[in-house]
Amino acid sequence: MSLAAVERRLELEQLYTDYVHCLDADELERWPDFFTEDCFYRVTSAENWEAGMPLGLIHATSRNMLKDRVSALREANIYEPQRYRHLVGPIRALGEGPAGLEVEANFLVVRTMQDGEMTMFAAGRYVDELRRDGDAWKFASRNVVLDSRRIDTLLAIPL
Amino acid sequence: MSLAAVERRLELEQLYTDYVHCLDADELERWPDFFTEDCFYRVTSAENWEAGMPLGLIHATSRNMLKDRVSALREANIYEPQRYRHLVGPIRALGEGPAGLEVEANFLVVRTMQDGEMTMFAAGRYVDELRRDGDAWKFASRNVVLDSRRIDTLLAIPL
Amino acid sequence: MSLAAVERRLELEQLYTDYVHCLDADELERWPDFFTEDCFYRVTSAENWEAGMPLGLIHATSRNMLKDRVSALREANIYEPQRYRHLVGPIRALGEGPAGLEVEANFLVVRTMQDGEMTMFAAGRYVDELRRDGDAWKFASRNVVLDSRRIDTLLAIPL
């Protein structure tokens, strides 16, 4: 492993860390910037994923759609105040895919409601393709594959 | 720290990540390959571990015993469909032990049942010894030390 | 990124890992050694943190105060036997702050009671400043920012 390979690995790890800190800090306006302009983003269940079902609970095919989603969330703002905490496991680089470097990582999201109650909100796996975009790595494709199909219908924040 | 030391650290981290992704993907047939042929594998409670009790809930002294265990799991197949998600913390290399490099890491396993219910299944610490075997690192010894002694008696999948 | 930068990153990651393993192993007497002599340590809620409230559930302004806290915990020893397991996410280095290098990291703590019951005890974020002290990195300042304000009033062990 060369120094360049080590550097890339740490850069990718940094991207994953920055991503979850952005969400946990409720800085959703910055969230679309983690993606390429022509990105693919989907939240789906492991069951659907394994069956090759194309649809997802959330589905976007461009960075602009992600921006629209953030605007909608901010305007609607119907959901009860809550905090999210993402724990993301070490990343796993798998090689080159059609849209970029294939990487996956496990995650767990803990949700805390205003009254202090904590619950496991989501657990699963990110299945991603990453691409250099200018001087930064971005998500060209992100599939958020949830272990549970019983998802809060108010799934408000991105994952 | 030399580049070789950095490289080794990242290789070890990769091994831990690959290991949990193998289990979470239910690719149990590949699981014994993470171990040396003469490996030691045990799942035990922190209470027993600290008391120096040799027995464990699961106990194997070779890779072949791990293969047998996988075969038994596949044939019996009595357990309800479920998914596991391992979150493994950063590894901690401790030095050379009798069977190889001593490494430990915290972990948490979330289990999701078919109906979507998520529970914390296990939390604890891996206490390992690792050895080069050909061109890969393998577990010469893995003790899975569980914080809770109240373990599901149907403890089906490896940890 | 130079080899020196890679090295620093891995050293910092090691510090975070060693810190949580120290707590999880109940080796509290070693805990103050992770801090500089003139350290600042506070456990607070995200609500108070965002409101800029200076007080915390726990508040210390020197390493000696941390030692006193450990002594008090050991002498009182009123709490029910329990184990903690910290999962700490990848660290995020943010630059130079007034007291040292600014770093943050997400964490989740699972508590296991004597009867084996596991609960999510705490989730949140470490907001830290780190400084070289001799040949080791130490916490010059650590704010433990908890997502939930509903904290166990017997909050016994450090976080």
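The first chain written gets the first letter, and so on, giving A, B and C; residue counts start at 1 in each chain.
By definition in this document, a contact is a pair of C-beta atoms (placed from the backbone, for glycine too) under 8 Å apart; a residue touches a chain by one contact, two chains touch by 3 or more.
These numbers were taken from a predicted model, which means no experiment stands behind them.
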Task: Angle of the C-alpha superposing rotation, subunit A to subunit B, to the nearest 5 degrees - done: 120
Open item on the list: Looking only at residue numbers at the subunit A/subunit C interface, is the share used by both copies over half or under half? Answer same or different.
Closed with: different
Task: Rounded Å distance, subunit A centre to subunit C centre (Cα mean) - done: 27
Open item on the list: If I count partner chains per residue in subunit C, which residues reach a count of at least 2?
Closed with: 3, 6, 87, 90, 108, 120
- [ ] Over in the complex, which subunit B residues touch subunit C? Could you list them?
- [x] 1, 3, 6, 9, 46, 87, 89-92, 104, 106-108, 120, 123-125, 147-151
Task: For the subunit B and subunit A complex, residues of the former touching the latter - done: 3, 6-7, 10-11, 13-14, 16-18, 20-21, 24, 83, 85-88, 90, 108, 110, 112, 115-118, 120
